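The two complexes that follow have chain A in common; it is paired with chain B in the first and with chain C in the second.
And then the complex of A and B:
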């Protein structure tokens, strides 16, 4: 294995097998770091906990449920207002969070009564909401409160309510990934099949593993609806609690983030025989192919092709404008899990950037396999990176832009490396054809920022010019282009709006598309 | 007309004002030079707190985790602490201080932190790190007690206790700032300099606001040294600005080393800043200089332009850290505003005995409520469902939706304030803070008038 040993980690030899440098001859049999193993204490790893994987990543994007954590207040506070999973019902899930506020007395004498009181109070506070998800934390797990029993009691006392309990305490597993798994399994075991959904189309899917970050999910659902497909549920971005109870009636599970949500797709296949189709909403090529794959399942290829043609014609010239100017820009693709393989090849092919490093905080070896397979020679791939290794990697790979989280982004900033938020996005959504152009726009804006040019000047030492005046981004980026390359008829920077999602919420779709007999009418 | 003091009636929390104790201890730890704390618990207890600090300061702070996994929860996790200390020391040669901060999980499983520190001191540190000065300090902050505020208080006390050492009198004043921003420390140091007072500032966090340097050397980290902490026992006195964030340490120094202490009020607003200067004068014997009379005059000049024309009778709700909330309320009263709702976000039983709260209860001549153990639903519910009329909300960013959804202008103040740019750079303490607060309130109200077309023409002439 072409393992890469970081200088800062020579004193912890077990880290050596967690990074590889992809060489000329390497394939997956010769180049794969270890993954999803216990974290080494004290490394300043970037990993979170299983509770946040369950509650914060997957549970809370559900838009029409009260979300409650049974434990001390911190778990709730800390996972509130740190993500951008919006919804079309005025963002109830972003605005409200609930903690049972477990105190010492409950640790000693049990917190079940406290939990019950909390559930009743919360339903009373939100009279229009009668669905609830409740999460175990380290504290409630260790004292052994029977949360399911309390949920049953409350559901009995308050008819019409429904409560989902998820037991994924923070210490369950090496990272947030353990929580993804637990909530997937709990949801299918406890809730799927308990509501019979209304079927309105001959083509019915669940769209799984998208959390509607800045509207991603709504963008994707627009494509499906334009094809006449009924999206029975979205797991869980912009997702509705009761719609997700009816997942079992879909004809197909269309899976986006396989890291966080493949488990429920696999269970839906075993239990209800619903096939799983993995797709990819990022990038013109992968998205076009994905829409076509879904279409092929239902025999709707013509409709998919019409959408692809329309979207590509509208947005490709703008992507091309950016590709020219981003070609050769070096980036580190340092997200949480699945984006490392969703983006690795697509940004290289379609935006021209060079991915010099991949990392994953909570991915498994499977994610690394896909990422490394799609990465170029010379890529440094790191599993469960830590603070010092990240810094060393930046110095070694000298990226121009890093795609990562808020806090690691601040580390990069001080190294004079621009950052884009890979989890919450800068100005997304990034899915869809228009979204992909927005992503390119954000990378371009980061890399060619005039302030970034200024930040490298040491006014005490450098002989800097004072006769030059301002430089626009385009003056900076177009230096390396010939006039013919720079000015191509139709190619422009992004022309969309600041908000490209809200208008989708009032859009109507022809109902005749839903029937197979009208399939030829497009 | 009455001021009603009571605790929230509901048992749970809808939209918390505070996070839990370990966060407060982590905030203290980043104020110490050559210090990286280990939070003994699940990884989320660190990852999210670091994210919170990054959101507030737009900068990174290093804190380590013992990374508790399932096996540790079953079999005990002191071994994880031993590994964490070793790994941290091996990879960070500058580290001298490692606070070991407990959480709910490790307090429930009952890990013996003092025991493992003892073992490390006599084993690993002697053998592998012989000759290197390393201090391991236990900080017990079970999440099921108190809040981030008490966590801060506990951590300051634990660190002062661990280091304070009586040698020779240093003639300095210990200034325990409480949970403040870099801008506050700058303003406080300015007042000390004007008074020509030599002080040990706990904690020296001006450098949390660090530069992006051409040579990439900028780092956000506190500057309070082990020596500073040791020397606290030799001061002529301690002033703890916030009763609930550092008061414990001041009392400890008084009891143990006979260092006289003054606790509060937080120097927010003119009156409280006057008090602070008077306290400094009494403790140091140094006069209040003419230059501060001028500075105070500039603040009063600015507020006079605003108070009776724009602020009079404006109804305000304030939430956040107790010392901040109380002092802001007092300042609002001085500026002719009416604080009608104060939310104190934890179950500290001391609030009832707080003289400042008693004074509000005794003297306020309009209807006012002070809710203890409060959450943000106490605010939202009153506005949405109970007819509370407000002209202004003051508090931190987690309360932003109460303002946005109810169309009430809001001044961001306290911690965290991630939804406004650069607030950590501006002081709320001292005369400079009084000016900033008054003008921030005014400009927020002005923008609201214009946005809502509510007598927006008033500002045509001012």
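And then the complex of A and C:
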């Protein structure tokens, strides 16, 4: 096994089996790190907890519910200052966060009355919202507060309300992944099948495992709607509580992030016979194939092809402009889970960048299988790294840009390495054809930003010229291109709008597309 | 087709599947067995121009993945067009055995046999 032992972690020998360096002869039967295990004592890793995985990743993107944490107020840290799962109802779920503010006295004497009081207060504060999700935290789980009983009492006292209880306290899993699992299973067991949805098309899907980061989900739903497909529910980006209760009536589950949401697709397959189709919404090639696969399931190939042709013609020249300038740029792909495999090959093939390292904070071995399979020889793959290992990996692999979260991103900046936010994005959405160009634009801006040169100058010590300005992005990026390569008719940097999502919310779609004219529809 | 030729031709097919597909990586062994069989058997039928069942939602789901795969194979590997049906059958059987090995029987993924999802 081509394990890689970090010098900084020789005092934690168990860490050795959590990193591999993919060699020339390696495949998945010889090269796979450990994964989804409890963090080793002594290593300070960057994971979130199971509560975070349940609430902050999957529950809270639901747009029309009050989201309540039963625990200390600090557990609600991740709200609109750190998350970017927007919605088309003025971001209600981001603007308002609720906690019962549990204190020592509640730990001693119980917090159930406090929970009930908070639930009623929250419903009264938002008279137009009658749906609520409530989350267990470590503190309330340890004292055994019966949240289901309180939810039943409140629903009885406030007719017309509906409350979902999620028991995924922070300690309930090695990482946020434990919470993903718990909320998936709780939702299908407690809520799916409790509402009969209105079916408006002969072609009906659930779009699962997309959290509408800066509008990703809305971009994808636009493609489906243009084909006449009804998106019955989105799990859970821009998702509606009651629509998600009707997931059982879809014909197909289209799954994007298998790490966080495969569980509900698997259960829907077993309980209701709805098949699961895994897709890739990132990259021109993978997205085109994905749209075609969904279309073919319903016999709508012509509609998918028309969309693909239109989008590729509009955006491919701009992607090519960036590809020429990004070819050979070295990146570390260090996201939380699924993006390591969604992006590993697509950014290499379509933007020319070299992925020199992969890591995952909460991925399972299955995610590493996908990531390593898609990575090139020489890639360093790390499971659940600590900060020192991240620093050592940066010194070893010498990347130009890191794609990661805010916290490790700030560490990278201190090493004078640019970083892009892989979770919440910089200037997304990154899904869709236009989104992929926006991603290329952000990588280009990160790598060639003038600040990169300027940040290396210590004005208190270094000798620097004051009669000369700095070099602009294009002055640096175009040096390696011939004039013929640099100036191709039609190829330009990104020409889209700052906001490419809001206009989709008022778009209308021809209703006749929703009805089958042949017997092919399922 | 001798073994050496089969090995040489399987390698790029395997590489394509590993870099571009997701269906072979479901989380549990039983599911991977089902996925590999469902999709690769339909891919073989498509390449050999045999009838393909797609009446049930499950079969239809396998078929869309199989069709995407065979289209990519034909586009990238011109030598497939020159092969007769018998040779394609042999090649696809060997490919399935290889994918089963990499993703199931030879896999290092310890979660494959977990009784829970």
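Operating definition for what follows: the second predicted complex is superposed on the first by the 499 of 522 C-alpha atoms of A that agree within 3 Å, B and C clash if a C-alpha of one lies under 4 Å from a C-alpha of the other, contacts with A are read in each partner's own complex, and residues count from 1 in each chain.
By definition in this document, a contact is a pair of C-beta atoms (placed from the backbone, for glycine too) under 8 Å apart; a residue touches a chain by one contact, two chains touch by 3 or more.
In this text, all values refer to a predicted model and were calculated from it rather than measured experimentally.
Partners chain B and chain C, brought together by superposition on chain A, fit side by side with no clash. When both complexes are overlaid on chain A, the residue A:75 reaches chain B alone and has no touch with chain C. Of the two partner chains placed around the shared chain by superposition, chain C is the only one that A:274 touches, whereas chain B remains out of contact.
More residues of chain A lie in touch with B than with the remaining chain of the pair chain B and chain C.
Shared-chain residue A:476: touches no atom of chain B or chain C.
Contacts of A:374 after superposition: chain C is touched, whereas chain B is not reached.
In the superposed model, A:289 lies in contact with chain C only, and not with chain B. When the two structures are aligned on the shared chain, A:29 is found in touch with chain C, with no touch to chain B.
Of the two partner chains, chain C is the only one touched by A:252; chain B is not. Nowhere in the superposition do the C-alpha atoms of chain B and chain C come closer than 18 Å. In the superposition on the C-alpha atoms of chain A, no part of chain A is touched by chain B in one complex and by chain C in the other. Residues of chain A that touch chain B in their complex: 8-9, 11-12, 38-52, 68, 71-82, 94-104, 106-107, 114, 117-118, 121-122, 125, 137-139, 141-143, 169-176, 387-388, 405-408, 410-411, 413-416, 455-458, 462. For chain C in complex with chain A, the residues that touch the partner chain are 18-20, 22-23, 25-27, 31, 57-58, 60-61, 63-65, 67-68, 72, 101-103, 106-111, 117.
The touching residues of chain A, counted against chain C in their complex, run 27-30, 32, 36, 181, 251-252, 258, 262-263, 266-267, 273-280, 285-286, 289, 292-294, 296-297, 341, 345, 364-366, 369-370, 373-374, 522.
Interface of chain B with chain A (complex): residues 10-16, 18-23, 36, 38, 41-45, 47-55, 58-60, 62-70, 72-73, 80-81, 83-88, 90-91, 103-105, 108-109, 142-145, 147-148, 210, 212-216, 218-219, 347, 377, 381, 397-398, 400-401, 405.
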